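Chain IDs A, B, C, D and E follow the sequence of writing; residue 1 opens each chain.
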């Protein structure tokens, strides 16, 4: 679980509700307006429908869950596994890797090693795996773009709602005592739009982007490692190379002497 | 048909009209102002005329229809077809592909295979097809740019209209009871400009961009496939390579065992 | 002539004047203020003087005429001419092209063919012509940047003028009846700045950019063609290659059977 | 110590406090509002939690210290050291460098020279060191992005707080004498958000970026030097090459005749 | 001298002062406020101290002088000189150039020719000179970035000052006659910030950018010329190549027949 997202959502919501209430429940209820919901959420949602094809909606809504989960396996594990593969391949030949990947749960690593075991040309292995990473990145990016687009449209429709409210108010200024409350209602859509954008959509888009970077990095380490294994490089060099992908502080957890018994069942 | 665009347009329009009306038809009619239409739509349209040559208008208006249609054929079909070509070319030679493409309705695929059948140098085939994709992308992008430009100019002219209205109002503040309604009218142009930009032009531009990506992707798969066919690559490798262009979930629909009887008459 | 620019300017000006007048000439005259002209146009112009060297002003003002003219010769003509050159060079040798270009009015094409006739190394020909295109693009871009910069400075000085007006007004609020008109005058500079930017400078900058793209494209087709001629490529291939630069709908106007008698006297 | 950061912080804080106080302590105290702190700092902080994983917080907060420290060693020292290595390697062989780096405190330089001493292939040395620099740059950039993100969210939540305050005020306009003070309080969040962004987060992000550039530059000089040492280049050429990384005014401090006795214990 | 900068500064300042005065000296004096100076200039300056290291300040302030000076020598001169070098080198050998550069005042040209005379490998000559140009560009760019950063911070602190002023005013609305003047003072900081940014910092940053482009272009022509000289290329080709860097209208001033007696003592 990504605790940050959950703490952020819970504490942030409480802070905003307290800020709106200012100590009184009736004040808080005054911040609720169905009409404003229709204009801001409804309006921006319909603009999103014009903006994106339906299938992108399904994928984008599904992708939100990645904002709540952390990586399931670490770079360190991956590197240790790949160094182990390099040692095994050097000792027992590339074919010996077939058993290793049989029970691996990671399709990408499986596919890459399988291509190597099949004797595919290294250039082609690299090519196929990089196309795969490229499209992975693009699919991730499409989801990020979706939430960023909504993060732009929501405040715009908040503004549209406020202008509509102002126009309605300005046409009926006979009773001055209604001007204030009417303007308060008009401003609600701006508030809704801003909260949707700055508290939800933009931060979620950003976290999806970070998740994507982590995932892509893991894939790149895998490609680098698979190609080194195929080239029959010295495991020490493989380790040295892959460790460059880690921040210095985390490099201690990686090494040939730590490989035994770690066993990455990815 | 792209249902999302149509649902978005219909439901969005209803929501906005309901929001403006606030339950009363006369209120809704108050949101209609021919003068505001002249300034916002007319003004931004004439700025667009200074911005773009006439022929770009015709193309851009025609391109709007792509926001309402989905792709006519899928990546899966294309890949199956290309794998079939690869098998046929390997069994019967490149010339055998001439019959295959005779009844193909896709000019790009036709041109590519024809070049291969004519024995054109692979580097040149790639070169010609990539120039073609490049210009396809550029033409698409020109239409996108057109709608984005209007999406920027419309709110600007909305603002200009509001400033004009404010200046007129401020010069005639003798009768306080007219100040409110006059300001309401002044705000109408801002509302029109914002709706044009955020509900129509920007989302349409974005959907045209997505359509362009889909189209370009199809062309790239075709180029990759055509070159593999020309190189006489193993159909299994061709399939593996082209499948990388698909999201994992859709890869099951592609395969040599599914080719028989599919027949893409693109 | 580029009709779009002219229609846009004339109709747009009429629309804006009508909008300002609101049916009364005296109202329209109220929108004229010399002081506002000084601040908005004068102020932004002096900032432009700090921004750009004097010689850039001359060139930028001269470049405006390109917003009013369309291309003088078409891509189709260029392609037909280059295919004709390819045929002649193949039949009669490269030296035969010397007569062809003698009466050409296009210096770029002339220079390129002359280099080929002189037996310059192809790599060097390409190099020289591409440097030339690069600087052509840069000079075009400098003019575009000039108008975009003014398009940014004009609304900024409009705002500065309005703030100055507001400060003057706020200091003298003894007579409430003058507040409205004084604020109206203060807003005039914002109006002037916005109109300058959104109705003139930005659209002109954009059209200059489009003209530049067209011009650069023509040059790129020429380079591609000149190099093909030098390489002695088959005219059919030359035609096929250059046609890729055209949108499909316009490709019918190009072809070896249409070359006779066309004669591009560029 | 980076005096600029400290002077900026101290003097800036005093200036802003004096500006708020306007000569009276009670006025200054009026600028303090716990509720506004909750909304602006609390709200934007919780949005940051949704935006970034927890571990990025720790690293980003730690990175702030780099805005307060200057580089610990200069480009000149590095260049002199590398030229000295080049001379020693040429005279006594690459292995002689092992003693030199034994007491070096810079892990990057140590690793690079060690790889050279081990006889690693130059292409691989370059590859490993550049991957390392790439990730160093990325980690730096992540911290910069963190503070920039907060610099964007803080004013947004400032605005949200002001809208909430305005809505509360507009609902209770019975007593006109409270309107002013209520609006003053509403504006406080905008002030807090703007100060956080423009006085703290954005400048800190920018200084972290500059520190990163300096650091990366030092690493690049090291790579260039290490590779020259490995290639056995003439120390005079090595010096000439590395001096290009220095601004002309600082080149006098570098040179073979200045090497004796300098001794970089990095 | 760059007349544009000086005319712009003088005329612009007069226009703005006239605009503020509106015909009365006392009105003009009302635009002067020391407190506003503290907040806008002082505040943004302290934020700049947090933003940049101290040494960047010195360099950035020094660089302002380049906004007031035009290039000291022209591209035409450089080209003529380089063509002359090419002729001399071809006739009398590379060593003959040593005398030519002895009294040259341009360190870059001197260094380049010296490297050639010393028989340095062409690839290395190019490498060294391009690193030099790269860092020249970066140092220029750092100064540009400095002024752009202040151009962003100044209006931000102008806004902060206005918000502080508004809050102070809103707390003391007992005497309505003070509201106007107090708001006028509050707006002064916005005016100061906007003038600093749009009339000074941004235009100066832009002109520094243009100066940098001119300077870099001159260096690039030098590199191109030095390498041609080293390669012993035909002076006619050297001339043709370097002339591509000039706009067509200025090419007539360059040529071998114009070289005698020109003598660039750069």
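Basically, a contact is a pair of C-beta atoms (placed from the backbone, for glycine too) under 8 Å apart; a residue touches a chain by one contact, two chains touch by 3 or more.
A quick map from chain label to UniProt name: A, B, C, D, E = Motility protein A.
The shown structure was predicted, so the numbers you read here are calculated from the model rather than taken from an experiment.
Common neighbours of subunit C and subunit D, listed by label, are E. Subunit B has its Cα centroid 26 Å from the Cα centroid of subunit A.
Counting partner chains per residue, subunit C shows two or more touched chains at no residue at all. If you draw each protein chain as a dot and join the dots that touch, you get one closed loop, with every dot joined to exactly two others. Here the chains make one closed ring, and walking it from subunit B through subunit C gives B, C, E, D, A. Within the complex formed with subunit B, the subunit C residues making contact are 2-5, 7-9, 11-12, 15-16, 18-20, 22, 27, 30-31, 67, 70, 177, 179-181, 183-184, 187-188, 190-191, 194-195, 197-200, 202-204, 206-207, 210, 237, 240-241, 244-248. Of all residues in subunit B, those touching subunit C in their complex are 35, 38-39, 42-43, 46-54, 56-57, 107, 120, 124, 127-128, 131-132, 135, 139, 149, 153, 156-157, 159-161, 163-164, 166-173.
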